[in-house]
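Take this structure first; my questions come after.
Residue numbering begins at 1 within each chain, and the chains themselves are lettered A, B, C and D in the order written.
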Amino acid sequence: MSALSLADARTIFAAAEKRAEELGQPMNIAVVDAGGNLIAHERMDGAWMGSVNISINKAWTARAFDISTKDLADNSGPGQQFFGIHTSNDGRVMIFAGGIPLKRDGEVVGGLGVSGGGGDQDQAVAEAGAEALG
Amino acid sequence: MSALSLADARTIFAAAEKRAEELGQPMNIAVVDAGGNLIAHERMDGAWMGSVNISINKAWTARAFDISTKDLADNSGPGQQFFGIHTSNDGRVMIFAGGIPLKRDGEVVGGLGVSGGGGDQDQAVAEAGAEALG
Amino acid sequence: MSALSLADARTIFAAAEKRAEELGQPMNIAVVDAGGNLIAHERMDGAWMGSVNISINKAWTARAFDISTKDLADNSGPGQQFFGIHTSNDGRVMIFAGGIPLKRDGEVVGGLGVSGGGGDQDQAVAEAGAEALG
Amino acid sequence: MSALSLADARTIFAAAEKRAEELGQPMNIAVVDAGGNLIAHERMDGAWMGSVNISINKAWTARAFDISTKDLADNSGPGQQFFGIHTSNDGRVMIFAGGIPLKRDGEVVGGLGVSGGGGDQDQAVAEAGAEALG
């Protein structure tokens, strides 16, 4: 039984939040299930309200294409093979760092999205969260 | 200082979740701030995925008009003064029970939305959550 | 292993199409997976183009709330507990007959949507398709 | 009588699917009619769910401008004559490879869209499908 639970999402949130606090940057954090549907979202106090949508969509994107949004970004700029993908799917495809597929036993079971700081910060917080899934 | 915090949302979630478990009906629960922007959402294991959106929009609606969605429903049916309001705001206005304005010291500071069961269940869980804000 | 496959969708299409031909009414038929994401859609020759969207959304709705859209309709009219649900989820919720949750071993594994005729016809074709899943 | 039929779409699917299997890359494949309206879509087992929308929109784009999305891409990057076209039409215009106009007797009768791999893979599968129309 590999489906993500709400308890899994909270485990991820705790680890991501800890990393965000270390960085001193409040974040929006979102977890979606294998179907791309939201399990949970939280906005840390003081985090950007414009990042609510971005965190949820980064989580969705990472699952929709089973790739980190950081890696997707490397193929989606002008002149690259997927340039333009960011306007597909009604604008839900995020092509900058902070979204990571969530795996268990080597299988993708969902996605995690983080938004609230610079690209490196979002990515670091997402990685901390994804590692917590174990 | 009356702004809702993520900690407040978690307090509300805990109380709402407890009531949902008593009713044996898993729910989606969402809290928005005074600006109608999402602070946090959670989908209890087994709750309808179609209710993710509804819970968030019930919370938004309750704050947007400072009224419970149950009371709004009583004014929004065919022949009533607000009939048609449910297609305004890009379809975000929910006109059935489960959304409640969140108050502190008599002032509206946000909204709570619950979706996942019948109207009476959603309302009961939302009331339990709102009362926890204290 | 209970996930729906493309082969499953084709089995469903064949049975639904056979029933549609018996009724002399061409249909749009759509199958979504457990996450509500489209597996396959087909429009029979001569079927309404406006029903492409409706068939896909009926399939989504049936899975999103684990209920047939016919039964959902009975709770979503004026004065009923879910009146207004049809404008939630960006207008994807269909509240008339033709959408059925797809089950295997008692578990909901997806949704089927049919659109192209009267409500009774859509429902009959959807039931024929759902039964074929076995 | 040149209108595309559902049978034509299936012929195209079979050829495209065969090519996708040779490449070892599962794909989403979609066919639209002369009006740009979906005739049929299929997602091969294991193909990206984020590519459902993209395949349908590549098919639409190829018919909407009677050009392959690969050729459109060559005119739609920064500094080029159509830069920005990807945000027109509510985000339906896809400007990367995989969409091809479908012709019969020299006349455009619809569009084919493929999404699920790299740009070269999508294009190769689309070409195999288009050739099957004969």
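Some points to look at:
The working rule: a contact is a pair of C-beta atoms (placed from the backbone, for glycine too) under 8 Å apart; a residue touches a chain by one contact, two chains touch by 3 or more.
Since the structure is predicted, the reported quantities are computational estimates derived from the model, not experimental observations.
Most remote chain with respect to chain B, judged by CA-atom centres, is D.
In terms of their C-alpha centroids, the spacing between chain A and chain D amounts to 29 Å.
Each chain gets a centre from the mean of its Cα atoms; for chain A and chain C, those two points are 31 Å apart. With centres defined as mean CA coordinates, chain B is found 25 Å away from chain A. The residues of chain C that reach two or more other chains are 35-37, listed in rising order.
Judged by the touch criterion defined above, the protein chains form a pattern that is neither an open path, a ring nor a star, and not fully connected either.
The full set of touching chain pairs reads A-B, A-C, A-D, B-C, C-D.
Partner chain C is touched in their complex by these residues of chain B: 48-51, 53-54, 57, 73, 76-78, 86-87, 90-91, 93-97, 118-120.
Here chain B touches chain A in the complex through residues 5-7, 9, 33, 35, 37-45, 49, 52, going by the rule given at the top. Chain C meets chain B in the complex at residues 35-36, 61, 63-66, 78-79, 81-85, 87-91, 93. On the side of chain A, the complex with chain C involves touching residues 33-37.
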